[in-house]
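Multiple structures follow.
In what follows, subunit A forms one complex with subunit B and a second complex with subunit C.
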Partner chain A sequence: MTAPVSETATQALQEDAPIEKPPRGAPWWANQRIGLLVLVVLLGVLFGILRPAFYNQQLVIFPLLRDIAMFTVVGLAQLCVLSIGHMNLAVGRMAAFSMMLTGISYDLFHLTLYSGLLVGLVAGTAIGALAGWVIARTGVNSFVVTLALDFLLLGLIPLVYTGLTDNAAFVTKPPGMRELRNYSLADVCVGNVCGSPAVPQLALFAVVAMAVVGWIYARTRLGRELLMTGSSVKAAELSGIPTARRVITAHAMSGCLAALAGFMLAVSTGSIKATIGEEFMLPSFLGPILGGTLLAGGFVSIWGTLIGTALTSVIRKGLDLLGVGLESLNIYLGLILLVALSTDRVRTVLSERQEVRRQ
Partner chain B sequence: MTVVLRRTALCLAAVALVATGCTTKPADSASGGAPKDDASTGTSAGPVTLKDGSQVKLALIPGGAHPYFQPWKTVAAVDKADFKLGDATFNETGEWDQGKQNNVINSLAAQGYNAFGIFGVSPTDINSTFEDLKAKGFAVGSLASCPAGDTNAADFCLSTDVEAAAYKAAKATIEAIGGEGAIVHLTGNNVDSNTQRRIAGVKKAIAETNGKVTELPVITDIDKDLSTAQKAVADLLASKGKEIKGIVTTAYNPAVAAADGVASSKLPIKVVAIDDDAKILSGIKSGGVAATVTQNPTGQAYIGGWLLALLQSKQCTMKTPGVIVDSGSFVVTKTNVDTYDEERKAKTTALKTEFEKQLSCQ
Partner chain C sequence: MKRFARSTEMTLLVIGIVFFIGLVIASGGDLLAANSLRVLLQFLAVPILIGLAQMVVLAVGQLNLAVGAIGGFAAAAMGVLMADHGVSVPLALLIGFLLAGIVGLLNGVLVVLTRINGFIVTLATMTILLGVQYRLVGTRTVDAYPQGLKTFGAAALFGVIPWIFVVALIVAGLLAVMLKRTVPGRQLLASGGNPIAARLSGISNDRSVIVAHTLSGAILGVAAILTVASSPGVNKSIGGDWLLPSFAAPIIGGALLTGGSAVVLGTVLAAFIVRFVDTARAEFSLEPSWVNFVVGAVVLGSVVLGQVRTRRQERRSVVKSPDVAVAGGVS
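Right, the complex of A and B next:
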C-alpha cells in the first residue's frame, strides 16, 4: 500500500541542488550565524548612536521584539518544509485560513482566547497536512501544490468573511486578547521583582515555538528523519524512513506554525481579518535563508532563523527612525542585506584559505 | 561550532535581558497610565485660535503611498507655518500594512511627535492603535477614514462619508445614462470595510430606481495599481462593453483606467469617476467622463492639524470624544469643473466652524 506513495514522493522530492554546508574545522568567525549576530549588534549600536530613540523601550524595543517574534515563527513555518527540500508558498494563506476558523470560534461559539488558538492550530495543521498529502500522493512539486492551495484559499477566505461578517473581519475580542497585545514581562512578577517592560509577553510564543522545533530537529528521531529526507530521499528510503509520511509531517508542522504566526499578528494588530498573512511569504524565506537553512533541504538553523529575522527587522526599524523616505527605504534595506551576505561570503572564503594554508 | 554559537546566543540573551532591565513593582500599579487632561471645561463660543503650538509635533500618516494623500505633504508644511507648530511631518512608509504602519507611528512617537493624524490601513484594527496612542497621552485624529463599527477610539474622525460619496456617484451615473440601463461598479479591496460601505452606497442608489437600472456584478480588488485596473477595464469592455451603459468607480486607479479605456474603445458608456486627477478633469472637460466625485484631502489635513494642535497643547478638549464629521464630497461635472474648488474651500471653512462647536477650550 505504501510503496506507490513512496515512489511518487521520491519523484516529488527530486528538487535537490548541490548542498553547501559550512566546512568542518573552520574558525568560529566563519560561522554565518555568528557573523549575522555581530552585524545585528553593530547595526543596533549604530542606529542607537544616530538616533538615541532607538533604545526607547516602550515605543521602539517593545514593538521591534514583537515583530521579530512573529516573523521568527513565520520563518520557522517555512523552515519545516525547507528541511525536506520543499517550500510552502501558501504559508500566509494557511495563517489566514486558520485564523478564519479561530475568528468563527470567537464570534459564533464564544470560545476563550486559548481555545480559539487551539482551533486555529488544529486547522493549520490539517491544511498543512492536506498539502503534504497531495504532494506525497501525486508526486507534484511542492511549489505547484502550495501555489494552487494559495489560490484556492485566496478565493475561499474572502467569500467566508463577506458571508459571515459586516466589515470583512471578526472583531470579537475574547478576554485576555487586549492584555496579551500590550503586556510585557514587567507584568510578570515574582515577589517585588518584575520582568523587563521592553519584552512583550507575545514573544514567549516564539520562544516556545523555537524550543519545540529546535528539540524536534536536534533531539528526536523524527527530526533526523526529516533532515535525512531533505538530504537525499533515496538514501532516506533505503534507510527505511517513510518519506511520504515525513513529507506530510513537515507540511503539517509548517501549517501549525503558520497558524501560530497568524494568531500573533491578529493579537498585535487587533482583529482577525481576511488579509492576515498577506505579508508573510517573503519574510518566511528571508529569516531561515539568511540564517543558514538550506533551500535544498537537509540542514536547518533555528537560531539562524531568529537572527536572520532580527537583522531585517532591525534594519527596517533603524531606517524608519532615520526618517528614510519610502523610495529609499527598500533600496537601503536591499543594499544592507546585500552587503551583509557579501561580507558573509568574504568571511567563508577567508576561512577556506586559512584552512588550505594550515594543510 | 554549534556550542560556540549557543554560548554566544545565551550570553547575548543575558546581556539583552540586563540591557532591557528588570523592574520593580510600583507601589500602586493603578496610578500609572495616561497623563491627566488639564484643559478647563469652559465651552468655546466663536473662533478658536491656537495660543501656543510650539510644543506640538504633528505627524500626518497615510496608510501608504497613494495620489490621494499627496496634498497632505504640502498641508503638513502649511500647518507648521500657520499654527507655529514645533514640527510637522508627513510619512507614507506604511506600505498598506497595519503592522508596518504601527511601527512607523511608534518610531515617530519615539522621536518626539505627539499629535497624530492617521489614515488607518485596516479600519477593523485601527482602534487598537488609537487606544495605544491615547494611553500614552498623545492627541489622535482619524483622517480620511473612520474605524469600522460604532466606536472611534481617536479624539475625532474627519473623513469622507464613503457610503454617501458612493451614493452620490451612483446617482450621477444614473442621471448620466438617462435613468435606465445596466451599470457596473469598479472599486478597491473587497475585504476592506470601506469598500463594503461603498458597495452599499451604490446599491442604495440603484434600488431607488425600482428596477429601471440594473447592476452587473461588482468588480473589486483592482485598485492595487493602474495596470491591474487597466487590465480589468479592458476585459470588462471586451466582454460586456455593449450591454453596459454606465460605469461608476469609487477608487482612484479604476477611475483613471475606466476614463482611459472607455475613451479609447469609443463605446457610448458614461463614466463617473472619483477624485480630481488631472486626467479625469480633462476627461470631464472633453466630455469623455460624465462626472467625478471629489473629496477634501486638503481640508482633512489642514483642519485635522489645527484640531490636533489644540488638543495636544491642552488648550481644548473634545466635548464628545470620538465625534465623526464628514469632510465633504462634491459632484463635479462639465458645468462646475472650473469652480468646484471654491465649494471645497467653503466646506473647509465650514468644517472649522463645526469643530469649534465641538470643543471645550480654556
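Right, the complex of A and C next:
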C-alpha cells in the first residue's frame, strides 16, 4: 500500500545506483549468503581456538542453538512483512500479547501445553491481521500503524498482568514445558540411533517455521503474490492480485510467527511475563537484512535469515565467553551491522564493474 | 486565517485547551497553583525537544531511531566529564552538545555514503551508542556534578515558567525560523517533499539529508543538557524511553512520514497533549501504562483521521474540477 518510510529521500539518492541485489551470473563471492556463512564458520573456529569451552555441548552449543532458533523465528516474523515492503515494529509486543493469552489459558482454563500454544498462535495471527487490516483499509504507513499498536499493547499488557496475576507473571506451568526446555535430540531415539545432545528440541519449531515459510514463498501462488505486491503495488494491482488482502495476510503471518517466537522464549526462560519480546526488535531486522532480504520488499531469503541470525548469535556468545560485558556487546553488534552492509554495498559495486568490463 | 482554522494545529490547540480546562476542573483548581504549573511545564521541555529532533529528520523523509541513544550518550558523557574528570560545567555541556551533533552528522554521512536505508543506519548507531553509554556510566548513577547546574534546572521565571522550558521554546522558535525562512531550511523541505524536483532545481539532496541528521543530533544535544540539569543524576536508562514519544509528537502534530512538512507548532502542541494525558493519569492515580495505551490510541486515531480527511478533500476537488480529473485519468 504505502512505500516504506524514508524511501523518498533514499530513493532519490539511489537513483543512479541500481537495487542492491547482485545481478544474475555475478561471481560467487558477490553472493552475500556464502560470504556470511564463511564468516560464521571462521568466527566459530576462531572462538573455539581462543576459548575451547566454546565447543561445550551442554553449556554453550545447546543454548546457542536455542537462541539461534528463537531469533530465526523472530527474523521470519519480520521477513513476512518485509516481503511486501512493510515493517512490523510491534513484533515483540505481539509476542507478549499472544503469550499473555497463552498464559491466561494455562492459568484459568488449565489447557495443555500445545493447546495453549495454539491459543497464542491464533491470538498472534489475529493481532497481526488487525494491524494489516488497518494499514490496508486506511493506506497509512505500516511503520506508524505498528508503532501505534506497539504503544497500545505496551500500555494494555501490564494492565492485564497486574489485574490477573500477583507477581506480574503467570505461574501455572503445564506439564511438558520443563521437558521441552531441557530435552535435546539425544532424547529422541529411533532404535539405537539417538540424535545429538547439542541440538535442543525447541529448535525443531524453527525448522518447521522455516520449512513452512520457505514453502510458501518458493512454491505457492500466495508467496509469489506477496513478493509481487512487495516489488510494485501498482503492477500487482493491475495484474489482478488482491493487494489489500495480501497486506493483511503478510501481517497475519508476521503476528503468528511472533507468537511462536514468544512461546519459544517463554519455554526457554520458563516463565510467561509481560516483558516477553522486549529485545526482539533489533534482532528481527538484523537477521533478514544481513541475510539479503530487501527492506523495500519483493525479495526474501529464508536461509539468509538463518545465517544472519546465526552470525549475530555466534558473535554474541563468543564475545561473552571472551569476557566482554554483555552491554558492551551492543557496540560490536552495531558496528558489525554497519560494516556488513557497507561491504555488501562495496561488493555489489565491484561485481557490477566486473560485469561491465566483461561485456 | 481560514486555512489556519482548519489546520491540524488549530484542532490540537482546541483539544489541548479543552483538555487543560477539564484537568483544572477535575483537580478543583489545584492545577493552576504556581507549583503545579511549574511541574507541568518542567517535564514538558525534554519531550518537546525529542519530538522536534525526530520532526527534522521526518521532514527530509528519513527517520532517526537513535534519538534516545544520542541523548542518553550525550547526557552520560556530560555527567562523567563533570563528575569524574572535573571539567568545568560550560565546557562539559559544550562537549556533550558537540558530541551529539557529531553523531547526528555521522548518521547523515553514513546514509549518504553507503546508500543504506536510514532506518538501518540509525538502528546500528542506536545499538552502538547504547553500548557506549553503558561503558561510560555502567550501573552507577552519576550525580556528583556542580550544584549550580541543578539550580538552573529547577529555576523558574516568575516562579512559574521553568528556564529549561524557555530554552526548549527558544530551540523550537529557531528551528521554525530556520525551516521556513532560511535557504538550507527551504532546501531541506524541498528535498523531503519531492527529491527529484529538488535535484532538478539544483538542490543537493545529499546535503539536505546530512543537514537534517546533524540538526537532529544538535537538538538532542540540547535535550541532553536539559536532562542533566533537571534530573537528580545520570544513569544508563536515560533516553531509554524516548523513541516512542519522539514519533508520537510529530505524527500527532501532522508531520508526513514521506517528508516535506515542517510542523514545529504541531509537534510542540502534541507534546503538550501527551503531557496532559500524563497529568490526568497522575490526577486520577491510574497505572502508568494507561499513558502508553492512550497515546497509542491517539496516534492511530489521528493518523487514520488525517488520511480520511485527505481522501475527502481529494474527492471534493475531483468533483469540483472534472476536467482535471479526466486529464489525470488519461495521462
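Odds and ends about this structure:
Quick note on the criterion: the second predicted complex is superposed on the first by the 319 of 359 C-alpha atoms of A that agree within 3 Å, B and C clash if a C-alpha of one lies under 4 Å from a C-alpha of the other, contacts with A are read in each partner's own complex, and residues count from 1 in each chain.
The criterion applied here is as follows: a residue touches a chain if its C-beta (ideal position, glycine included) is under 8 Å from a C-beta of that chain, and two chains touch if they have at least 3 such contacts.
This one's a predicted model, so the numbers in the text were calculated from it and none came from an experiment.
In the superposition on chain A, A:Ile61 makes contact with subunit B only, while subunit C stays out of contact range. Within the superposed three-chain model, A:Arg345 lies in touch with subunit C and out of touch with subunit B [touch as defined at top].
When both complexes are overlaid on chain A, the residue A:Thr220 reaches neither subunit B nor subunit C.
Of the two partner chains placed by the overlay, only subunit C lies in contact with A:Asp150; subunit B stays clear of it.
By the touch criterion defined above, A:Pro158 reaches both subunit B and subunit C. Within the superposed three-chain model, A:Thr112 lies out of touch with both subunit B and subunit C [touch as defined at top]. In the superposition on chain A, contact of A:Leu329 is made with both subunit B and subunit C. Of the two partner chains placed around the shared chain by superposition, subunit B is the only one that A:Ala198 touches, whereas subunit C remains out of contact. On subunit A, the surface touched by subunit B in one complex and the surface touched by subunit C in the other have residues 158, 162, 325, 329 in common. Subunit A contributes residues 22, 26, 28, 31, 33-34, 37, 41, 51, 53-54, 56-61, 63-64, 67, 158, 161-162, 166-169, 171, 178, 181-182, 186, 189, 192-199, 265, 268-271, 273-275, 278-279, 303, 316-317, 320-321, 323-326, 329 to its touches with subunit B in the complex.
On the subunit B side of its complex with subunit A, the touching residues are 1, 4-6, 8-9, 12, 17, 20-25, 64-65, 89, 91-93, 95, 97-100, 102-104, 106-107, 109-112, 122-129, 132, 136, 148-149, 189-193, 195-196. The part of subunit A that touches subunit C in the complex is made up of residues 3-15, 17, 87, 134, 138-141, 143-145, 147-159, 162, 282, 285, 289, 295, 325, 327-335, 337-338, 341-342, 345. Within the complex formed with subunit A, the residues of subunit C that make contact are 60-63, 110-112, 114-121, 123-132, 134-135, 191-192, 194-196, 198-199, 205-206, 208-209, 236, 244, 247-248, 251, 257-259, 287, 289-297, 299-300, 303-304, 307-308.
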